[in-house]
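Each of the two complexes below includes chain A, the first together with chain B, the second together with chain C.
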Partner chain A sequence: MSFALRDKVMLVIAVLLAAVYLFPLYWMYVTAIKTGSAMFASPPSFWPADPQWSIYRSVWESRNVGRYLWNSVVIASGAVLMIAILGTGCAYVLARYRNAWVDAGLFLILMLQVLPASLMITPIFVGFSQIGLLDYPRTAVILAIAAKSMPFFVVLVRATFMSVPIELEEAALVDGNSRFGAFFHIVLPLARNGILVSAILIFMQAFGEFVYSKSMIQAIEYQPASVGLNSFMGPNTNEWNNIMAYAAMYVTPILAIFVLLQRRIVSGLTSGALK
Partner chain B sequence: MTVHQIELTGINKYYGAYHALRDIDLKIRKGAFVALVGPSGCGKSTLLRSLAGLETISSGDLVIAGAKMNGVPPRKRDLAMVFQSYALYPHMTVEQNLTYSLRIRGIDKAEAKRKAEEVAATTGLSHLLGRYPRELSGGQRQRVAMSRAIIRNPKAFLFDEPLSNLDAALRVHMRKEIRALHDRLKATSVYVTHDQIEAMTMADHVVVMRQGIIEQQGAPLDLYDRPVNKFVAGFIGSPAMNFVPASSGSDGKSLLLEFDEPQTIPFMKPVKAGQPLLVGIRPEHFELAGDADAMLRLPVGAVETTGASSYITTATQPELVIVLNNRAAIRSGEVIGLCFDPSHLHLFDQQTEIRLG
Partner chain C sequence: MRRLLLSISDGRGFDIALVSVPLTFLFMMAGLPLVYNIVMSFQEVDMFSLGTFFRPFVGLKNYATLFSMPETWPILKNTALFVSASIAGQFIIGFGLALFFWTNFPGASWLRGLFLVSWVMPGLVVGAIWNWILSGDFGVLNYLLRESGLITGNIFWRSDPSFSLWAVVIANIWLGISFNMILLSVGLSTIPQDLYEAAELDGANVFQRFFTITLPMMRSTIGAIISLGLIFTLQQFDLFAAITAGGPNNSSNVAQYWAWDLSFRQYDFAQGATISVIMIVFVMIASVVYVRSTRHEVRG
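Presenting the complex of A and B:
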């Protein structure tokens, strides 16, 4: 088999797999603009004969999607900010010191990541309600998400810091800088890409977070988009086109961010970006 | 004021139970070029890093330019260091790398730029100031690392194996360049290397270390001519000195060299009869001799020739390595006669390995 032919076969396989993988996304966009009868037609049509573009406007207004998305942004940004500030320092220390305590700390951090949100929510709920945090439901969710996602961030960013050679810091010390100065002038700029990528991944995770928000936010005006989507669901749900339109509005911004930054994200995840 | 720029007294360093530096005493004259040399793990880098303040010493006194520096952070020691990996800041251009230490000290931008251009001119970097380290060759990076050190007139330069990442030809070239730079700036320099040739050729004062202690220090040729023990004798000089166990003859005027077939050579200096000895002789101190003058007659094992000189390994136990600076027509298996100046023999005690006489 020649190389050119093999490459073509590989390409066809790759395209097929991508099509299978992306089909649900396609189905979401297509279903959103179908009419009620087209939605339940059998066999289904892959392209609606009569696209209903006005559905976006009506769902946006009737469901108050703007408020839900805003809440999602507030919660995700808050969580990312908190994780970035606390987690960066933590990751740096774990990257630079090697002893039994650090190893134990790392083990505990990895352990935290194993615990699922649906398990943690009960103790967190009880604890937060006792100290009155549930009166500030979005803050409570931000704290819970930060706690949940911090290990992921710390582990990723620690690897980034470890790829920054310690000699660079030592050179900065001998050149006349303090440890803080060396960190902010030398280490942080070199780890910037890794930190940014980790923060974006955390943001996307937090943007779609459901369990904590659903459990802790009772007031509808503070609920994020994931909970809003869930409120469509009932025993006799059949307004699939509305649900899909909502979902499209919810995921499109995230998809856009990912597409715009994907080169950076991939290179930040795979390389030390140095040397 | 003291003439010593750096004074170390009774320096000890422990890593947990590991004793990395043991009672180091070292005085470095202002303007001297001192090489710390030894096998890996001997503590030479630890000593240099302790000078820089990157390691804290466990005990002892560390004085730089008359001021006690124990526990003073690196930035207040006013030293410059060239790292083995160069440690250039990857996100800064050459010019920013050079001026980093100046900018931290609050020197204004125009002045820093002028100094960078001045230094770059002397190190041949003028056309590279706008580049990033990743766009430079190994030799150019090395030069940037050097320039970054000299830009601010520090109290002393510290070099941590700066040439070990370069290829052989460039290394020989940079060796001369660093020495020339030192002669021009007259700045105190401490140079760590595992390569004794670098130490011998560059330094005024060589410090040989092993397992955290200073085995011997002195002028390079003193170390070559009068090593205090077997370790220093074997470490300084290339190829390494030959060692043969021996005992003094009953008449006190000869040595019995204990090869697999023992040989007797005349020896004038008085040695206690019967004392077990190690005789050391450098490969380059042998000469071929005819039957009449030969002091030793040894079978030849391998012959390697580089064009300029021939390396002969004898087929004896222990082996001897002999360097002849001509193309001797010698073949493996032949028996050759050798002579040498008896004053070139080094005698060591077989047990303690310490120099005798």
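Presenting the complex of A and C:
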């Protein structure tokens, strides 16, 4: 009896904590639908009296949100595709062998994972401009993001491959499969879920990427949503309801994916970060 | 040729092919820039020599210039302050939350997962939201602080030089709490429960149990999380771009933003590369600590 009561009290506190923590998110959605005067009212109202739903349509059209989001999707998909194709095999090999070479490779990959993008962009930008890659700005950003995020993907997917029993693969080899066949028909299907979750995580990261896009994409028609949001927020802006509406349109698809796949994403993240 | 093909489809060559392509790619896209960065920090780079590889070498001149600039030391001090305040805030709040959710009530793991929402949000969106919350005249944080009696006048978080760095720190702590909490929860769940039962039988109170069991058992997790926190806070760029842009008058500028600002706002690529080299050394040290504290797991 008292245990049930304790559970309820804990649950109430937990919900309160989550509400406090997620307040900024709520504040974004509420501000977005406030009128210009309600936004600057003092004291601020925490519940919109007169919701302006039409703001989404007007911001979508006036700020070209569709084009920005499309560029974000193109860049994120390109990066994920590249990372998945290159990284999966690498993770598989690193999961199957244990020797000094693998340790060294893993160490190198962990080291690359930590290089801050804002520091690496200087040599990447100069190098890319010298080989003419900046003429294809989205490709350049995709390559840079792929290099930046691949280590994280490899670490996550390696953990997945380690959970695929090696005996299954050996059995397939005994039955006459080639290494090639065993990898594509046995190991890869078994690791599919882990690879998918890791790819989604990488996608969400790449979808919000800012430093590389800001530095390398000058042409406004190729810029992703993060750069668009940045140029929307001038130093003395006061259109906060429009900015919050833009932000809401940008972040809602990601939040939807997150809520749907929450359990898998959380377990994927935790398995990778401490291994 | 046939033997090579056979090896690739059915032998050692298969593994080597799988691993060599991505490693070559990583080497080209991360290894070479790293080397190039160091080379550039010893060269004179301007807009005209940007296109050529053969620029005049100037030795340590870039480093000398860097440390003679009046803003260098304040910015490095800001970086240290930003990193330590962010890590301390994230870790303490995250640990508190992890301990709270560890008590295991129905719905705990689901609610805990909800906190990770901040981790998947684009940094620019987080920055935009906090920019609005921290706004001086109409910001909701100032309103809440005023109502609770903590302050009497509005704090101009973004434009007051003595608060601008803290504006970014607050946003960064919010961003990092969830990650700290989830990783600490994982660490907590690996502590065997019978240790606590034994301690309880011996009459240890909550604090004794915390300091004699929880903390010692979490040592390697805490080491890993603090070094990860160091790595992540040194990567933090989006919040600076979205909230203060390093201003006013460099009062909220940190090294990783300054390096970008020098390269892409003032087109001083050599100076930007020089700061990058210095900061990358720091990040490398942090990552060695991180790898060492998780080594037993890496080796499996």
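In the analysis below, the second predicted complex is superposed on the first by the 261 of 275 C-alpha atoms of A that agree within 3 Å, B and C clash if a C-alpha of one lies under 4 Å from a C-alpha of the other, contacts with A are read in each partner's own complex, and residues count from 1 in each chain.
As a convention for this text, contacts are C-beta pairs under 8 Å (C-beta built on N, C-alpha and C of every residue); 3 or more make two chains touch, one makes a residue touch a chain.
Everything numeric here is computed off the predicted structure, so don't read it as measured data.
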Side-by-side fit of chain B and chain C on chain A, or clash: fit
Chain A as apex of chain B and chain C, Cα-centre angle in degrees (nearest 10): 90
Chain B versus chain C as contact partner of A:D135, first or second or both or neither: neither
Chain B versus chain C as contact partner of A:S178, first or second or both or neither: both
Touched partner set for A:E170, first chain B, second chain C, both or neither: first
Contacts of A:S118 with chain B and chain C, given as first, second, both or neither: second
Superposed model, chain A: greater residue contact from chain B or chain C: C
Partner chain(s) touched by A:E61 [first = chain B, second = chain C, both, neither]: neither
First, second, both or neither for A:L25, with chain B first and chain C second: second
Shortest CA-CA distance in Å separating chain B from chain C in the superposed model: 8
Set of chain A residues, in rising order, touched by both chain B and chain C: 178, 274-275
Touch list for chain C against partner chain A, complex: 8-11, 14-15, 17-19, 21-23, 25-26, 29-34, 36-37, 40, 45, 50-53, 97, 100-101, 103, 105-108, 110-126, 128-133, 135, 137-138, 140, 143, 147, 174, 177-179, 182-183, 185-187, 221, 224, 228, 231, 234-235, 237-238, 241-242, 245, 256-257, 259-260, 263-264, 269, 272-273, 275-276, 279-280, 283-284, 286-287, 290-291, 294, 297-300
Chain A-touching residues of chain B, taken from the complex the two chains share: 52-54, 73-75, 77, 79-81, 83-85, 87, 89-91, 100-101, 104-105, 134, 148, 158
Sites on chain A touched by chain B in the complex: 165, 167-168, 170-178, 181, 186, 189-190, 274-275
In the complex with chain C, residue positions of chain A that touch it: 6-7, 10-11, 13-15, 17-18, 21-22, 24-25, 27-28, 31, 39-40, 42-44, 86-87, 89-90, 92-94, 96-98, 103, 105-107, 109-127, 129-130, 143-144, 146-148, 150-151, 154, 162, 178-180, 183, 201, 204, 207-211, 214-215, 225-226, 229-230, 233, 235, 240, 243-244, 247, 250-251, 254-255, 257-258, 262-263, 265-266, 269-270, 273-275
